[in-house]
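Presented sequentially are two complexes of chain A, the first with chain B as partner and the second with chain C.
After this line comes the complex of A and B, so read on.
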């Protein structure tokens, strides 16, 4: 009887096993193995040690790469929020219909086009003979082409465009949940537009802001194509550093160390933001 | 009479500050939205125009318009081989993700417990992981168990990063399914398979199609995982394009970009028509 009940209970679960097993073997195990590799000692000696991490955190260059990466992610997130929020607001205040569909299309298309394509477009814009330089030259604002590629700001501009949909989509979702009566009530009680925004709209869309920031930050600090192509080898960020150590130098243990540091950084920020997110969600529900 | 003028007089200064306030708010929001739209769309438009260049080098605005660089794509056999590889890998990845993801999503919708929540977190987590870390981890893992890099290892790796999208869209479409449908079907004597075919699957179909589309594109565009796991034989299109873009500013790279943008845009419009794609993209489940 008990065995039969167990079998019955198990049958409902059976369908979840293939994916769970698959991810345990090809996702969790590799990550555990990578962390173990990062703890291995240089020089083929047995046993685990922190020596790779001591090496990583003991060198100013590595710390600068880590800091630059986190800073890049933060700046990109801020740009995406500042520009993405108004666009999301415009989208949510456009009545469902053709215009709204066009807006959705324009927002989602960059997300679904290849990262290489999007980055390539930015070379055309920022290059020496690119759109910005030829425009400024023909207007005689500058005499020599500016160096826009291989700069930190160039990478931020390109990354912001590439990651902006990740900010806008959660914002639109959270704005859809916002009761329009609240804003109307605030306005009809004589509250000026900015105050209505800061007191009603902004706090009630905080879950969307946090979800969007989480996505943009983690995508930016782990993006490889854009920083390496726009940065052109002059700038170094964590993902490129991993690639360089693993593929060019075959230094797997150190690559694993950098990779684990990046992983922990991303997870720490995601955990922090998502606990903030559940806090704001419980706050907006009441 | 006097009373009403008084009210108006008392009100008007406040009214004007409110107007000013409302105007700056509207302008600030419009300016932001407009800049965001320009930033989002300009690169795509510029690359499309540049790809129709009649000139020899990539520049904007192009000296003249022609489709010669699109025709020139025919003479790049290694590019076609890479495209072919990408299409195969993306197809196998998507099919595997549908089977694995659908099965798992069924259990996750039927049961809500701490265990299913933990499993859902596990299935979704590859999205949040830095893809390059996952790629490196898999490379180290394949080396450890002695597997050579092949199309199979590439597909396996793409499944890991692609399956969350399908699980998610299927969960979204199944969450609209009322459990009572299934119970009604069962109480009317339908067996499990019949219920699945006539109730569960039709409801989940849109989620499956939308998720497959996203997973397919994710796999087709994936570069960070593929970078570690493809060699000359199994080179995929994005990796091939990256080398093309890094080495020289070739107009051919722009015309490949053009083809990809057109293909993606067309598929997106079709998907929006048939399965209401944005419903799955704009959701905070």
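After this line comes the complex of A and C, so read on.
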């Protein structure tokens, strides 16, 4: 019996072998190389050392870039969640049919155009003579055009729109698993709508929230085009910083160090979020 | 629902899908290996080169900077080299530093055959490791280049174009052209100024010119950094690349900025009310060089023929006119239009009116300057 199970498991492993091999060669090996590069010393000195990391963490500018990047990711995630959750809820409450298909289409639509095109569209929207400023000017709400491009908030607005589907799709998936009888039961027992939401709907869709947040956060902190085009040269985030060190300055060890720091930061946040996920699983079971 | 559908997937359909994906990938790989097949080398190439006036044939992949360069080289150079030499040219859009990075990373298997570098990156790159000397005898147009543009003694490759740096401005907002770089510090321009980071030749040349105007030099631009600090509150945007800066000017985000002449002229050509002025003291010329890389996939004959086309009077007459406006390096080119208004019809006058910077000196400090600039402008 046991041998049979083992054999079965073995067959499973054999099936994933090609993918494992592929990931080992093209994913794991480059990451290992990157970490080794980050531990090598600048110049001709041989041997491994932490000096690049000491340099990174010893400089306030680098810490600020790291913090700005994490903060950007956090803000984008929150905006995506606040705007995406109601939409996902609406989607799950719409009866399957034409309207629902239209909603699905609209939600997925941004994924069908390239991020570069969407980013340039945001220049037209946020610009000094852009849609927002011309509307506000013509309504006499403002007298001088607002500065929206080249600002942290402009980057968040553009990034949130671009990453939105990554939040909404997991939310929809988790809402589809939600048993509508639970909400009906809560209502029939006299709970007002808000309590039903906070005690039933919200906790049961937490796995979706966590999955969506992980995706949006990691996609935001590693995005390159949108922050550089919308943010311009005065806002520095980790991906641009890596590019600059590697390509403009040919400082590969330091670029590898920044990349490793970013990788570890993202992993830490993802681990934190998934540990929240396991907490909620125990909550939903009781 | 989903589960039930999943369990309905039969072995046959999975196998079928797998076969489909596998075979299409195989097909794609075959197609790629075909396109990357090296052009005839050795005997075959020599035979075709020997034939008097015979076309060289084969294919070559050459870099052009993204944007107007890429468009110009695709529309003009690639079609001429096809007609004249039957060479299929692929244009790879890439910035100078990216090219150097890729050539250093894969010197034995470079991703393109012909590179395009402007002075800063060119003088800083390890040329002996990544480039090969230009075969002058394979290039009939080489002799028509101005002597300064023949690549000096080492001849890594000819200068293919000169782009002038000046003051680009929104002509709706200015009655007369801004006269000098000092105009940027005029309080009237507060909130309208665009700059570009020093990662680009444009940004570096601007900073060096500012330094020179205020008493500095190629070796010392401290004064420019001090001046930029004063300017920062009035700066509307710092673009990450020259192309992005041109976009900001076009969108009306900034009204005055250091820009390449051809960027503004092509916006003008597209109907925008833009102006470009030569700043007091002269306009900096940036020389762009094309070289054949070491170990190219294409034959050296094809690569040399491509570069020869870029420096031919036939191509440069088109490239110097609307809508491209690249400064010529071939002495037989006739200039007209904005070149005539701003400089002269004679390319000799054009190139001798420009200022050329000492990039060897600049490159000594450039990495530190780039880092410092990015730190100091960061908000």
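By our rule, the second predicted complex is superposed on the first by the 264 of 286 C-alpha atoms of A that agree within 3 Å, B and C clash if a C-alpha of one lies under 4 Å from a C-alpha of the other, contacts with A are read in each partner's own complex, and residues count from 1 in each chain.
Here is the rule we go by: contacts are C-beta pairs under 8 Å (C-beta built on N, C-alpha and C of every residue); 3 or more make two chains touch, one makes a residue touch a chain.
Here the structure is a predicted model, which is why all the values come from computation and not from measurement.
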Chain A residues touched - chain C or chain B, whichever exceeds: B
Chain B versus chain C as contact partner of A:275, first or second or both or neither: neither
Partner chain in contact with A:263 - chain B first, chain C second, else both or neither: first
Touching partner for A:150 - first (chain B), second (chain C), both, neither: second
Touched partner set for A:250, first chain B, second chain C, both or neither: second
Touching partner for A:127 - first (chain B), second (chain C), both, neither: both
Which superposed partner A:229 touches (first chain B, second chain C, both, neither): both
Which superposed partner A:61 touches (first chain B, second chain C, both, neither): second
Which of chain B and chain C A:49 touches, first, second, both or neither: neither
Chain B and chain C contact sites that coincide on chain A, given as residue numbers: 123-124, 127, 129-130, 229, 246-247
Touching residues (chain side chain C, partner chain A) in the complex: 97-98, 100-101, 104, 195-197, 199, 236-240, 244, 247, 251-253, 367, 370-371, 374-375, 377-379
Touching residues on chain B, where the partner in the complex is chain A: 14, 17-18, 21-22, 24-26, 28-33, 35-37, 39-44, 46-47, 50, 57-60, 99-101, 103-104, 106-108, 110-111, 116, 119, 122-123, 126, 128-134, 136-141, 144, 156-157, 159-160, 163, 167, 214, 217, 220-221, 223-224, 227-228, 238, 241-242, 245-246, 249, 253-254, 256-257, 260-261, 264-265, 268-269, 272, 277-278, 281-284
Contact footprint of chain B on chain A as seen in their complex: 12-13, 15-16, 18-20, 22-23, 26-31, 33-34, 37, 82-87, 89-90, 101, 104-125, 127, 129-131, 134, 157, 160-161, 164-165, 168-170, 172-174, 176-177, 190, 192-195, 197, 207-208, 211, 214, 218, 221-225, 229, 238-239, 242-243, 246-247, 252, 255-256, 259-260, 262-263, 266-267, 270
Interfacial residue positions of chain A with respect to chain C in the complex: 61, 64, 123-124, 127-130, 147, 149-150, 228-229, 232-236, 240, 244, 246-251
